[in-house]
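One structure, pasted below without further comment.
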Amino acid sequence: MTYSAREMMAVAAAREIKDGDIVFCGTGISMLAAMAAKHISAPNSVIFFETGAIDAQLEEVPMAVGDPRVMLGAAVHGSLADAFGFMQNRFTGEHVVGILGAAQIDPFGNLNSTVIGDYTSPRVRFSGSGGACDVGSFVGRTILFMQQEERKFVPRLDYLTCPGYLDGPRGRERAGLPPGGPEVVITNMATFRFDESSRRMYLAGCYPGVTREQVLERMGFAVETGRALPVAPPTPHELDILRNKCDPQRLIL
Amino acid sequence: MSLQEAVDRYVADSAHISIGGFTVNRNPMAAVYEIIRQKKTGLHLYAHSNGQGVDELIGGGCVARLEIAYAGSGRFAPTCICFRKAVESGCLQVEDYSNYQMTLRFAAGAMGVPFLPVRSGMGTDIVTHWGFPAELRQADERLPDQKLVALENPFGNWGEASTVLLVPAIRPDVTIIHVQTADRAGTVRIDGLPFTDIEQAKAARRVIVTCETLVDKENLRDHPEYNQLPFFCVDAVVHAPHGAFPTACYRHYDYDPAFLNQYRHWAQDPQRHADYLKRYIHDTPDHAAFMALQDPRQIERIQADPRTGYASGLDRR
Amino acid sequence: MSLQEAVDRYVADSAHISIGGFTVNRNPMAAVYEIIRQKKTGLHLYAHSNGQGVDELIGGGCVARLEIAYAGSGRFAPTCICFRKAVESGCLQVEDYSNYQMTLRFAAGAMGVPFLPVRSGMGTDIVTHWGFPAELRQADERLPDQKLVALENPFGNWGEASTVLLVPAIRPDVTIIHVQTADRAGTVRIDGLPFTDIEQAKAARRVIVTCETLVDKENLRDHPEYNQLPFFCVDAVVHAPHGAFPTACYRHYDYDPAFLNQYRHWAQDPQRHADYLKRYIHDTPDHAAFMALQDPRQIERIQADPRTGYASGLDRR
Amino acid sequence: MTYSAREMMAVAAAREIKDGDIVFCGTGISMLAAMAAKHISAPNSVIFFETGAIDAQLEEVPMAVGDPRVMLGAAVHGSLADAFGFMQNRFTGEHVVGILGAAQIDPFGNLNSTVIGDYTSPRVRFSGSGGACDVGSFVGRTILFMQQEERKFVPRLDYLTCPGYLDGPRGRERAGLPPGGPEVVITNMATFRFDESSRRMYLAGCYPGVTREQVLERMGFAVETGRALPVAPPTPHELDILRNKCDPQRLIL
């Protein structure tokens, strides 16, 4: 059964979501991953948007976190203050898994979604943090979506928008951040995790047909590859859910 | 009060203004277009995650400085078009915060405290990189002297926090929000997500409310728990049907994908954008005339389904 | 889960607990009586302006320490009876804050920050007089080292404030609230004023909700804007009709002036109070049995008028 | 027409309320004063409770600020955080007039509603601040109700619960408080105001049949009496409103 890289990414992310997780969703593919997880393996996970919609019952894929589609059948319509409060509060924040994307990522999982080039006179300006800096600061774990490109995996970010492990072991603690940090990076070719002691990214899995070398070629820094395992392709069931339940209009896929 | 009069009275050139809504939802677009129509300039604009409203004000030439967390309209413009061009060409000074930081800044203004603490952003460039230089901040009494301040927790490790960031309050001259229902005195009822509209309104010296439905006071008094903003916070209430168009207004209408795609096309080219500004805004007397230029069949298509609150099955490609 | 089981599981001796409601309204009385029935002791109790719930817990011998802004039940007991006796006899350690300070302390806990700033109380003895001495605070890791901290505004005179007070967050082991409606998973809908119940609940590690009406999840999902607390904040949901009696529950029943006057009479005398505790609480198995001891005609009289939400014309002398 | 001292007090307070004021009400007589003002001279005043009820349409007199009667026909049911936020916010707080009572008052209008005697082993314990400390800190002006008794007008409070002018001119500013402070003290015999420069209480008015000397006898400190004027008795209209519109059940009067 053929499938696209985006489908593989969504399925790989959905597999990371555990039943009972409170899933912070951004726009795009992260919503699909959360919707797919709820249909496949985590029926009691809670889809949650920074805009304040808690346990949204998505019937159609939202095009933005402010889309009225996030409001349907929710448990509570809170304010932004409420939504971020749930993440900053340790009692609830530790149960939240955040799904984020960015323009650049560094070896410690820090993200840039603000500028390419100098901050005061950038070559490219992006949207800015949104809630990403907050989510990366507060929640128990994050799942990061990236395109596998050399200019996106950089040794040093042009601007650090969202904290990962900052400068490595105990970096978050030194900065005064709550515990947490990225758990996995999911690209169109591979998955990466972070070493428990060094907090550096390592290659954790390659998609079917992708070699370690092909991945490394598309990165601006070296990572350890010894622990990489093959990633299972999407099952027909996973693909069916994703295509027919989550995005029948093909707005994201 | 008419919207012309409200904007004329409360939005001065160089004023500090904030607009409600979030990305493609409940932006106060009728007021945004009126501000452009009146050729206001030099505005200092505050928003948290705002798409269409922020981008049109920038494209309309109204904005000198912007404090914001996120400038995007979801899939229609992951980064707002005019915003991006203005920043890259050096025409717009921007100060970046996170969404929660902006929310708390409005909340601090609403509560009447100079700052609020947050545990977000320590170790990031949001703390170290200032869009408004220290000299500008010190010279302008409308700006706090510092973007953010780190504070060692004076209660030791209480709350397991060694350090917090303090975010300074925002107190705009005027906040403009668009809501589903208001009474003639200004009491506001928002359906669905309120975003940060209420904090933004309470933080401001003046508040302009535009609404889909304008009712008498008695109509909102049976369930005061469903109202969010009392009349004494509001300076002008304007009946503005489709006042959030082309963004969505929950239980009334959806965002208009056709317009938003068209807007992106227009905004990408200076001439097309100039033509758009002339035809849709400067050559129209008001929002009703702006709406009259839209395809009525499309306006019909985006009407909200009563069950879902949006236009179920709408073609959004 | 039964209320017996919820209290047994989540309210340990010496636990830090907070109860919702305000003076004569929506105190979680069914749970308060169950705590007394189970003879919990040494509780560290947090409330803002609480009357009957606080006074009964103190009278029931459950409370060792109290942090509060106001202990009174309006005209029925301008100062709570058992509270006053306990303080004057030295049996109860009390830490005083203002209402807003307590509200912000719960809000800080709810938001997950170690403190919040306030402009209230500078120059008063609330800042200088500590009910819990510094040694106690330093020895007990459940207490912040300081009652309040004054901070010079690090943003200069931004917000026209030279100084603010920082109030430390409260994070109770358990918060108990009584609401009109909850679903079986714990999502909560409060009618009328929410007081600080929501902040108190979010601040706590565990939350017990008692409710007048228990519904299926679907019943609360049509208007999520009317709900305040999502299920994932709630650990136990208990159906407890008249669970706020003798305090009021808006749109369900009024406070009972007869009971509250009678209670004052009982509480003023040790023997009468002991008889009350035995007959109404310790000798009853649960709240239904406690309610069965009330005069059914009076229970009828305090039923809420659907128009006003209280018992219009009730004899309240 | 005969009337009680409580009626005179309620009327005197009602006369202080201006049309358009946002009136913060406590329990008891302060609610009556606010209700009476709305019926007599300030129809556009807004009755407002710390519990979060804004512009309550009182049909029956509430027995406490948490009484469900404060909820009827309000513009908004907010939380306590909302209610105090309106007072701390200078844009709205300056329009608020607060009505407060206490166990003790000092020459600068500071109030004690916490203890008589030593704080750690008090002879008498009262309810504590409630919202009084906040209101006294935040709002533009306050109206204070007191019984005219020597033990209540004291040179030095046993405990300062609620700030008036603290230690006198610029006392609030030095402490870091917002501007504001008490405007008038209304007792069962007289009214007092505060000197613009010294911020000390002076006798402003005596009720019909009350002499300056009788007032001074019932105070624990001396005040200037040279500016005292006679206070007009309640008019029949004022009494009619108070008795028949505000408290027909005689719950407060």
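Note that the chains are named A, B, C and D in the order they appear, and that numbering of residues resets to 1 at the start of each chain.
Just so we're on the same page, a contact is a pair of C-beta atoms (placed from the backbone, for glycine too) under 8 Å apart; a residue touches a chain by one contact, two chains touch by 3 or more.
Because the structure is predicted, anything quoted here is derived from the model rather than measured.
Asker: Please tell me whether A-C or C-D has the greater number of C-beta pairs in contact.
Answerer: Between C-D and A-C, contacts are more numerous in C-D.
Asker: State, to the nearest whole Å, the distance from the C-alpha centre of chain A to the C-alpha centre of chain C.
Answerer: Chain centroid spacing, chain A to chain C, equals 40 Å.
Asker: Just how far, in Å, is the C-alpha centre of chain B from the one of chain A?
Answerer: Whole-Å distance between the two chain centres: 27.
Asker: Find the geometric centre of each of chain B and chain C from their Cα atoms only, then give the gap between the two centres in Å, rounded to an integer.
Answerer: Once rounded, the distance between the two centres reads 38 Å.
Asker: Would you mind listing the residues of chain A that make contact with two or more other chains?
Answerer: Correct list: 53, 71, 77, 81, 88, 90, 138.
Asker: Of all residues in chain B, which are in touch with two or more distinct other chains?
Answerer: Correct list: 112-113, 118-119, 160-161, 164, 171, 192-194, 225.
Asker: By the document's touch rule, what are all the touching chain pairs in this structure?
Answerer: A-B, A-C, B-C, B-D, C-D
Asker: Residue numbers of chain D touching chain C in their complex, please.
Answerer: Residues 27-28, 50-53, 59-60, 62-72, 77-81, 84, 88, 90, 110, 114, 119-134, 137-138, 157, 159-163, 166, 171-173, 175-178, 249, 251-252 of chain D touch chain C in their complex.
Asker: Would you pull the chain C residues touching chain D in the complex into a rising list?
Answerer: Of all residues in chain C, those touching chain D are 21-25, 48-49, 51, 68-76, 78-80, 83-84, 87-88, 90, 96-101, 103-104, 107, 118-126, 129, 131, 150, 160-164, 192-196, 198-199, 248, 250, 254-255, 257, 304, 308-310, 312-313, 316-317.
Asker: Within their complex, state which residues of chain B touch chain D.
Answerer: Chain B residues touching chain D: 109-113, 171, 187, 202-205, 220-221, 224-225, 227-233.
Asker: Per the contact definition, I'd like the list of chain C residues that touch chain B in the complex.
Answerer: 108, 112-119, 144-146, 149, 151, 153-156, 158-161, 164, 166, 168-169, 171, 190-194, 225-226
Asker: Under the stated contact criterion, what part of chain A meets chain C in this complex?
Answerer: So the residues of chain A in touch with chain C come to 22, 46, 53-55, 57, 71, 73-77, 81, 85-93, 95, 138.
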